[in-house]
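The letters A, B and C name the chains in turn, as written, and every chain counts its residues from 1.
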Amino acid sequence: MRGFEGSAAVRSRWRRPSWTILTSLAVIAIAVTVSACGGSSDSGSTSSQAATASKSSSAKSGPASGDLTVWVDSVRLPVAKAYAKAHPNVHLKIVTFDGDANGATTLQTKIQLWNRSGKGWPDIIFSEQVNDPVWMAKKPFEYAAPVKGLVPDNALSQWPAPSTAQCTIDGTQYCVQDNLAQVVLWVNQKLMHRFGYDVPTTWQEWAALGQKVATEHPGYIIGNSGDSFSHWVYLWSGQCPLQQLKSDKVVINSTDGHCTRMASLLDPLIKNGTVPPLSVFTPDFAKKYGGAKDKVLLMPGPSWYATALFHDTLHIPAGQITAAMPLKWESETPVTTGQVGGGPWIISRHSKNLNAAGDFVTWATTVFNDNRPGYPAYAPLADRWLQGLADDSYFAADPTPALKGAANLIWKGWNLVTYPDQPVWSNTVVTKLVAGKPLSSLLQPLGDGLAHAAEAAGYQVDRQ
Amino acid sequence: MRSVALGLRLVILAVFAVFFVAPVLWLILAPTKSDHALVTGSPFSFGSFHQVSLAWKHLDAFSDHIFRTWIGNSLLYAFSATAIVLATAIPAGYGLAFGTFPGRKLLLTLTLIVMIMPAAALVLPIFLELNSLHLIGSVLAVILPFSFFPFGVYLAYIYYATAVPPDLLDAARTDGCGEWLTFRRVALPLAKPVVALVFFFSFVADWNNFFLPYAIIADSSQYPIQVGLSDLLSSTPSFNPAQGGGGQQVNIFRPELALATLIAVIPVAIVFLLSQRALVRGLVGGAVKE
Amino acid sequence: MTSSYAEAPRERGLRAAVRRTRGLRSGRGLPFVLPYLPFLIAFGLAPMIYAVKLAFTNDEGSWTGLHNFTRTVDDYRFGPAFKHIFVYTGVWLGALVVFVVVLALLLHGRANRVSTSFRFLFYIPGALAGAASVLVWLFMLDPSVSPGAFLLHHVLGANLFVESIAPGHLPFIFAMIAFWTGAGGWIVVMYGALNTIPPDLEEAARIDGAGPIAIALRLKLPLIRKWIAYMVILSFATGTQLFVEPQIVNQASLGLVPDTWSANQLAYQKAFRYADFNAAAAIAVDLLVIGLFAAVLIVTRTGLFRTED
């Protein structure tokens, strides 16, 4: 009997609300379970609508319609939105993601998940990694659809041959590149005039200028080395064989003369602060060298730096920036330059609306030209874009001759592989550059890291 | 001498208090400032409410209001899973504490073992399991694994074993109650402290869980808010500038990220505050000094 | 309930009835445990067994012995990843044990409103676990916005974000983030544990002339050993499975911090990028074994789960 009294006393101390919480939780749980049983993915509706849209890949007639899902990075978001606006018959779902930037493996993990569960693939993906289509076309991913028949043939023929070659895997073209990303020398003409410097034409002149700047105008820079793609700017231009396919092997020779001489050229400049190991897109860089500080004298970099970097990110004032031809090594010919990006558009072979997918990609690469940051790969559009740039009063002088001239100079000795090399550069080299180590001492670890990555991806490596 | 010791104690406590609180204070104040003000102004200055509404506008506009979807997902997962946890763990704790069935000790040991196993290491097999049941892509793929919360069972077991005398239950049985009635009439009402505890731990664990949803959810509109935050981080210029441009069109900079983080923690902060008492009182099952 | 004296017939009958129900030994309590069982099996035991099976077979299901284990150890990222998490776990556990205990003792020494307020303040970051806390600390580690910029200059030698997250700093930074979010909860637990010490003991020690420090170290500390062990076990398990922090810092640093910094990240990449589930399972089993070993070690050495206590 005592027990009951005790429990009654205990019971009276607790307030009712806890029961209310419990019962409402139970109600929620039941409601959720019921709704969850109703299924969650909307792939069902997509396929029923797409059934009415043409599924034939060769059909070019009829306006695009139906459902489309496109994955873009933040820079390509305006393109996707513009397409949706111009094509009201297409119900476009836009998903913003990291674009697989800086060597991320986001798309690999996502495509695996979709493959495993048998559903969920977006119809179109834009990737910032130019090597993504290489593995997307192969097992076990098998995501990419051949573009022939989806993008009209007469358009496809107007992409430059090297660009098409980068999208061709085992003889079939699996993507189209959105833009060319040839490296040129960006020049702050106003500052160069003010300081009385001539624009360098060779790497040697550029390095000598760096030494001068360090003593005469400390704080000003002539380049940077801390981006995840800086090796594409300097080592690709310099013909360093870090990623060269020879039959089924990949040649990684980071101590080749081409690599060591470029590293020796860069080391004193990194040390004296004219080529700092920072990334141009970090807030720290903008604070130190951008905006009112305006300390960027020269910058070897890709064509899309034009407005995206100088205007949008660094807020360099108008009337200062122009472009010059890429630097050459003494008097060596042919002149080669590097490539930073050139993002491909890839269409899914699982798409239920290939007609609209092809239409989207075609429109995005051949029609859209509204504040486009990149040099279009599609030649006729490139001409219009260049004209727009030439007329743009932001620049001190017309940058287009250099951009156009450099378009065909990208060194072909750097091939596309299935693994990203940016992370290896970032965590073997850049971290040590920040700590003050010279680049020359980091070439061996860079080669080792790339070799590991290649082997992990299944390649046979030739270190020479 | 004694006041020096007291003073020292206060200083040490204050230093740690600053360490714990300053970042949170910064976080609360950050959305009131513009990105520029964050960099140039004092870290603890207050900007304006207008800035907060601007930041919210940008955040909400990202990817078609996906931020709201993420918060909704987290609420769905956390509440559903916690409801199931309460429904299974409290009776299980009771059964383990007072039961006499064969294998009781084994079950307890297994629960303890699984409890200290790194949960993340089990995500891969759970994924393969869920995939073979064709659940990948459904919300159940997240809710069901979340509903397994051995710590909740253990808490309930400890509570029943230490704070509820068996005599109470025997008295109920003497009165003619069957097992179920004994539980419902006696054991369950007494369980209110541990219910609050289990609710708290389960909800917080589900809300903060990152690895499982990150690994098995392919559709970003099904992400809970924690994974959504990392998605936001990687899709926006502040920390992940895109090649081919700065991506400024997306309009998510540091104030927006700070606001997103703040909103992401508000539900669990509320649960925290409400559960303060239950935690202090019920956790150790002993007398509380104050 | 003894029956050494004569009872009234009614009570005798009652006791017999109760004994009868108690006699239903097999099965009592089982129905209450049943709803929990499917979850325990589906999401606790089966995955553990499945992970072990995957670790010892290849992708066609045939037995491969220790092959998966040896080839993952050979992976160039394995060594660094495990080294990272061991350093991280060591630093974190050290900080937890030392600071949590010290703070709890300091708070308990003079339990009053001030003490309660401090406990609440320590507890606040606990609401920000996971991705949210990492995001906050990304800002705290960036010298251009952080309120602790002068600390970053002087302690880490960092004037830029990239310097803050230099490879050598990372285990300490991650440990600090984990401590920041987790310490508050454990301080509450330790405080509660200290509260179970009978006040008479403390009184007696004080009468004997022991000062507050002596009381803390010689009386209180040994009595909460069990809870400290409990904290170490749970934290060890979660420490070695570190994932969120390095994953987010990998994104924020534009790849400077690799996406295979921790062992769990490597397992994730193996499984979800290379589709090499067997290698991933081998790494998972490595982590399972380490967690189990540490748990058994601590449990047996402190008698933690003796339910008779």
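Keep this in mind: a residue touches a chain if its C-beta (ideal position, glycine included) is under 8 Å from a C-beta of that chain, and two chains touch if they have at least 3 such contacts.
Note that the structure is a prediction, hence the values are computed from the model and not measured.
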Once you draw an edge for every pair of touching chains, what topology comes out, line, ring, star, complete or other? complete
If you average the Cα atoms per chain, which one ends up farthest from chain A? C
Which one chain sits nearest the middle, judging by mean Cα positions? B
If you tally contacting C-beta pairs, which pair wins, A-B or B-C? B-C
For chain A paired with chain C, centre-to-centre distance based on mean C-alpha positions, whole Å: 39
Taking the mean of the CA coordinates per chain, how far is chain A from chain B in Å? 35
What's the distance between the Cα centroids of chain B and chain C, rounded to whole Å? 15
Hey, what residues on chain B touch two or more of the other chains? 39, 84, 87, 170, 234, 240-241
So which bits of chain C are touching at least two other chains? 144, 251, 254, 272
Junction residues of chain A - those touching two or more other chains: 98, 101-102, 104, 113, 279, 281-283, 287
Give every residue of chain B touching chain A within the complex, in rising order. 39, 62-64, 76, 79-80, 82-84, 86-87, 131, 134, 136-140, 143, 165, 167-168, 170-172, 175, 186, 189-190, 192, 195-196, 199, 216-220, 222, 231, 234-238, 240-250
Hey, which residues of chain A end up touching chain C in the complex? 98, 101-105, 108-109, 112-113, 140, 226-228, 277-279, 281-284, 287, 422-423, 426-427, 430-431, 434-435, 452, 456
So in the complex, which bits of chain A are touching chain B? 1-4, 6-7, 10-11, 14, 18, 21-22, 25-26, 28-29, 32-33, 36, 39-41, 73-78, 94-99, 101-102, 104, 106, 110, 113-114, 116-117, 119-120, 128, 178-179, 181, 229, 279, 281-283, 287, 302, 304, 308-309, 312-313, 340-341, 343, 373-374
Listed in rising order, chain C residues that touch chain A in their complex are 75-77, 142, 144, 160-163, 166-167, 251, 253-259, 269, 272-275
Help me check something: in the complex, which residues belonging to chain B touch chain C? 5-6, 9-10, 12-13, 16-17, 19-24, 26-27, 30, 38-39, 43-44, 84, 87-89, 91-92, 94-96, 98-102, 104, 107, 110-114, 116-122, 124-129, 144-145, 147-148, 150, 153, 161, 170, 173-174, 179-180, 183, 204, 208-211, 214-215, 226-227, 229-230, 233-234, 239-241, 254, 257-258, 260-261, 264-265, 268-269, 272, 276, 279-280, 283-284, 286-290
